[in-house]
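Shared between the two complexes below is chain A, which has chain B as its partner in the first and chain C in the second.
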Partner chain A sequence: MNEKIKVACPRFGNYHIALEFLFTKGLGVEYVTPPPSTKKTLEIGSKYSPDFVCSPFKFNLGNYIEAIEAGANTLIQTGGVCRLGYYGELHEQILKDLGYNVNFVNMSKASYNNPLSFYNEFKKVNPNMNIKKVSTVLIATLKMVECIDEIDDFVRQNVGFEVKDGSMEKIQEEFLEELRSAETKKDIEKITKKCKKRLKDVKLKKPKKIMRVGIVGEYYTIMEPFSNHYIEKELAKKGIVIYRWMNVSNSVLHHNGKEQKKEIKNYVKYYMGATSMATVYKTLEWAKAGFDGIVHVKSFGCTPEIDAMPVLQKISNDYKIPILYFSFDSQTSETGIQTRLEAFYDMIMMRKEKK
Partner chain B sequence: MKIGIPRAFLYYKYHYLWETFFEELGIEYIVSPYTNREIYKQGSIWAIDEACLSSKIYLGHVDYLIDKCDYVLVPRVFGYGTDGTVCTKFQAIYDVVKNTFRDRNIKILFYNINPKETANEFRAFLKIGKFLGKKKAAITRAYVIAKQSQKMHQEMDLKYQEQLLEKDGLKILLVGHQYNVYDRYIGSPIIQYLKELGATPIIADICDKKEAREASKQISETLPWAFNKELVGALAIYKDQVDGIILMSSFPCGPDSLVNEIIIRRVKGLPMLNLILDGQDGSAGLETRLESFIDIIKLKKEDEYERKN
Partner chain C sequence: MKKAYLGIDVGSISTKGIIMDENNKILASEYLWTEGNPMEAVKKLLKALESQFKKRTYKIVAVGTTGSARKLIGAMVGASVVKNEITAHAIGTTSLYPDVRTILEIGGQDSKIILVEDGVVVDYAMNTLCAAGTGSFLSSQAKRLGVEVEDFGKIALTSKKPTNIAARCTVFAESDLVHKAQIGHKKEDIIAGLCKAVVTNYLNNVGKGKKILPPIVFQGGVSKNIGVTKAFEEATGCDVIVDPNSHLMGALGVAILAKKSKIEKEFSFDVTEMEFTTKGIECQKCANHCEIICIYKNKKLIDAWGNRCENGAITIKEQKEC
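And now, the complex of A and B:
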């Protein structure tokens, strides 16, 4: 292939910044960031997807098609421990049937037992890559992921109290944009430090009684704000401190599976699949810490998260903590979500006042 | 001591093994009845709304058994190693049952298959036997006999199916998980109606499992789930001996949602019907679909016959 390699991965929170860094700086190829997910993305994705597949599959497919239209010719699917592990082969087949002539790199073909197989998959992206260069950049990329998550956590916990609406969002946007010009790990750390300082300088006005809500749930839906109808922000803006453990740093880089299992042993004996353990683990921790409520999000039909729900119901009973359950598919109505969020807010507010 | 065995999910795969094992050890057991409307209804009440139909049925069977036995056998499977993984439902089912029926003080018999932690099948049975107060030699003997019984019945099923494949007339391959195909409430009506229409149902899950897992690669390369590998492989093995294919899935089965689409896109040249079972009442819609499916195949066959002559 003499054509220039232009890589794209599906949209996922703000991580496209880190992916762009990894591919352009590390593998020396062009990276095409798919346009942000919209209603249209989901429509395109749903149109060519099987009916009752989970919505992340549909979003991913929509992202691929929009990325191809934006010039991408090499697409990547990561694979994972639930249905995600089989996404890639079907995505590739659907795109092929639609007549798109692209190079599809499916990480599910690699095996965790054999790290070399990952290298071989990456070689398909760029056969001339320099392994030394890739590893240096990979370390910087992981740092970038941590920084993105760190800033995100700070905003989530404070954005509800800013005096001037939109101040933090603006700083965060500028931070992400600035990250795109980073060349080294040092640059990334410097940019992050600057952003943190700016965020800390934002004027806040906190009430006496502060409400805390934790968000738990399925990997994609919890991290891609468009797919969960921005409920995190909606809640925060009502003056609530929002906690979320689930992000790439915690779930991949600092995974604490053994500790999770130990902490929840009164409720769960065995590993229940994918994100369900983290969901139970954080719900229990926050219930014990006296949070005002928990919001559980997932895409419709997500089996591991459905199976976590009976456990959450028990925790909710035992610790008297309200849990709001959301399940999103391609036809979820905006008004329905708003109404349920309002009702949930009113309820935890009333409980707080009674305390 | 009495063990309760839910007639759902892995029961259909392992019942000869389980039943023979308990019989050989002289342990009393009961199996819940065939799925009926009441069991399904109870299961739906206990289950999370959007859980798959098969898991609702499972909880219905557990509900039936709780007050009728001392321990319910809820097999938990992490995976089958190199043979493939399982839907996370099978990894989670123990804790789903435990939490769902916590207030009814359910007691569950230990059963965990996890090749990663060397909890292979024999070790799992050893643990069960010891828990039931039996000696190692007796448990080993019971397990070996149970294993033989299981193997023998599988071979008999396979032989019987080979005979069916040699029969004249329309043959329809049913591709679906055993716990759906053989379930009296959701699967049996389809088999029955196919027979009434004069077609011979061939069950994809009755196959040489090892051969099937290998053959699945002809259709799909990265398929993770062992049960789906076996079904897809069986499809590769049987497809030239049948006249049509029915894909049977319970709503909204995670693995099937993707695998069926791969099958539809890759297996060409045979009429195919994608049936989604949702447990709703009334068989009229289903019967109409099956009837027109069979009609189309018959017409196609007549056409081919005329063209040849």
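And now, the complex of A and C:
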């Protein structure tokens, strides 16, 4: 292939910044960031997807097509521990049937037990890559992921109290933009430090009784704000501290599976698959910590998370903590979400006042 | 002049309104069909309320709106409070039944369960995907059977052996109903079976995983159906209270919230004479294409919503005149 390699991955939270870094600096190829997911992305994705497949599949497919239109010729599917692990093959087939002539790299063909298999998949992206360079950049990329998550956590927990609306979002946007110019791990650390300082300087006005809500649920929907109708932001803006454990740092880089299993042994005996263990683990921890409520999000039909729901109901009864369940689909009504969110807020507010 | 408060609950099927005094006592109430035109329905509602209301003794100082058209109607009448129906129903019911633990609510299109402890909502759920087990399900089946939906309850009570209807899905329920009728099940048994199916559906979907404790209050349009109330009593093994005003709880609740808000704006029945129009615009500033709704009072823009971001915000240059 004489054509210049232009790589794209589906959009997912703010991680496209780290992916761009990894591919341009590490593998020495061009990276095409798909445009932010919109209604159009979902429409394109749904049009060419089986109707009953989960919405992350549809978003991914929409992202691919929009990335191809933006010039990408090499697409990557990461794979995952649920149905997502099989999605790569199907995406590839659908794109081929649509007549797109692209190179499709399916990471789910690689195995975590055999790191070399990842190397082989990466080699498909760029056969001339320099392994030494890739490893250095990979370390910096992982740092970048941690930094993105760290800043995201801070914003989530404080954005509801900023005096001037939008201050933190603006700083976060500038931070992400600045990260794109980073060359080394040191740069990344420096940019993050600066952003943290700026965020800490944002004027906050906190009430006496502070409400805390934890968000749990399925991997994609919880991390891609467009797919969950910006539920975190909606809740935070009502003056709530939002906690979310689920992100790439915690679930991949610092995964604590053994501890999770131990902590929830009174509720869960066997491994339940995908994100459901973490969902139960964090719900239980936050219930014990006296949080005001939990919001559970998933895409419609997500089996591991459906399995987690009865366990959450039990925790909800045992610890008297309200849990709000959302299932997102390509056909979710905005009004329905608003009504339920408002009622949830009223409820936890009135409970708090009573205490 | 004594203070009074107006509460309006505009649902998918029916529109409800009450006027109450400072002690939450209902002075006037009205119930009519929305018929797909919430603004017209509210105008009719207000005219009816006006005729029942002593204008010389009371003046309405605050208005609250709830139900699925709450925002639209809130803009129209200049509401002090616009509240979701879950909170409004809970407030209305607990004001009359302070000890209530479980509120079952089945309306035209949605159904909900609200759990209360010490007068405060501690948990709730709302149907999410399907209308099986709501009022519109019952009324469409009534039509098929050639019975007025208002008589459904009475007929159901005459049944000795309710027919089992597969009512997980409204479409399949209809075919099962036809099937049962064709093989010779009696009409009253089928009707009783439908009432039972509504309850089973409700408990399996909306009430899933929730502890239903007495006292139980049942409200919403379907609570007027004695057959469903009986089926609830059988399924839960508890008495189920249905208030004579059970259909007005949302309106009462939001009137109480309007009173509590202490935001007072004098309300005038003149709005029934004004012309209100809406216009939908599709925002073209990004690929989200948000549908923005603009509300005009006498051709003047008074409010707009529907945009997901600042780019689509429509600012009202001229101040609202209320």
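As a working rule, the second predicted complex is superposed on the first by the 355 of 355 C-alpha atoms of A that agree within 3 Å, B and C clash if a C-alpha of one lies under 4 Å from a C-alpha of the other, contacts with A are read in each partner's own complex, and residues count from 1 in each chain.
Criterion: a residue touches a chain if its C-beta (ideal position, glycine included) is under 8 Å from a C-beta of that chain, and two chains touch if they have at least 3 such contacts.
Since this is a predicted model, take the numbers as computed values, not measurements.
Look at A:208: by the touch rule set out above, it reaches neither chain B nor chain C. In the superposition on chain A, A:327 makes contact with both chain B and chain C.
For chain A, the partner with contacts to more residues, out of chain B and chain C, is B. In the superposition on chain A, no contact is made by A:4 with either chain B or chain C. Touch criterion met: A:97 reaches chain B, while chain C stays clear of it. Legend: residue contacts after superposition of the two complexes on their common chain; A:269 is shown touching chain B, with no touch to chain C.
Judged by the touch definition given at the top, the superposed model places A:346 against chain C, while chain B stays out of reach.
Once chain A of one complex is fitted onto chain A of the other, the partner contacts of A:50 are limited to chain B, with no touch recorded for chain C. By the touch criterion defined above, A:313 reaches both chain B and chain C.
Across the superposed pair, chain B and chain C both touch chain A at residues 309-310, 313, 327. If you check the complex, the residues on chain B that touch chain A are 48, 50-52, 76, 78, 85, 87-89, 91-96, 98-100, 102, 112, 220-225, 251-252, 254-255, 257-262, 265-266, 276.
Within the complex formed with chain C, the chain A residues making contact are 35, 38-41, 230, 309-310, 313, 316-317, 320, 322, 325, 327, 335-336, 338-340, 342-344, 346-347, 350-351, 354.
Of all the residues in chain A, the ones that touch chain B in their complex are 49-54, 57, 79, 81-83, 85-90, 93-94, 97, 106, 108-109, 267-274, 276, 300-301, 303-304, 306-311, 313-314, 327. Every residue of chain C that touches chain A in the complex is listed here, in rising order: 68, 83-87, 118, 120-126, 128-129, 208-209, 211, 286-289, 308.
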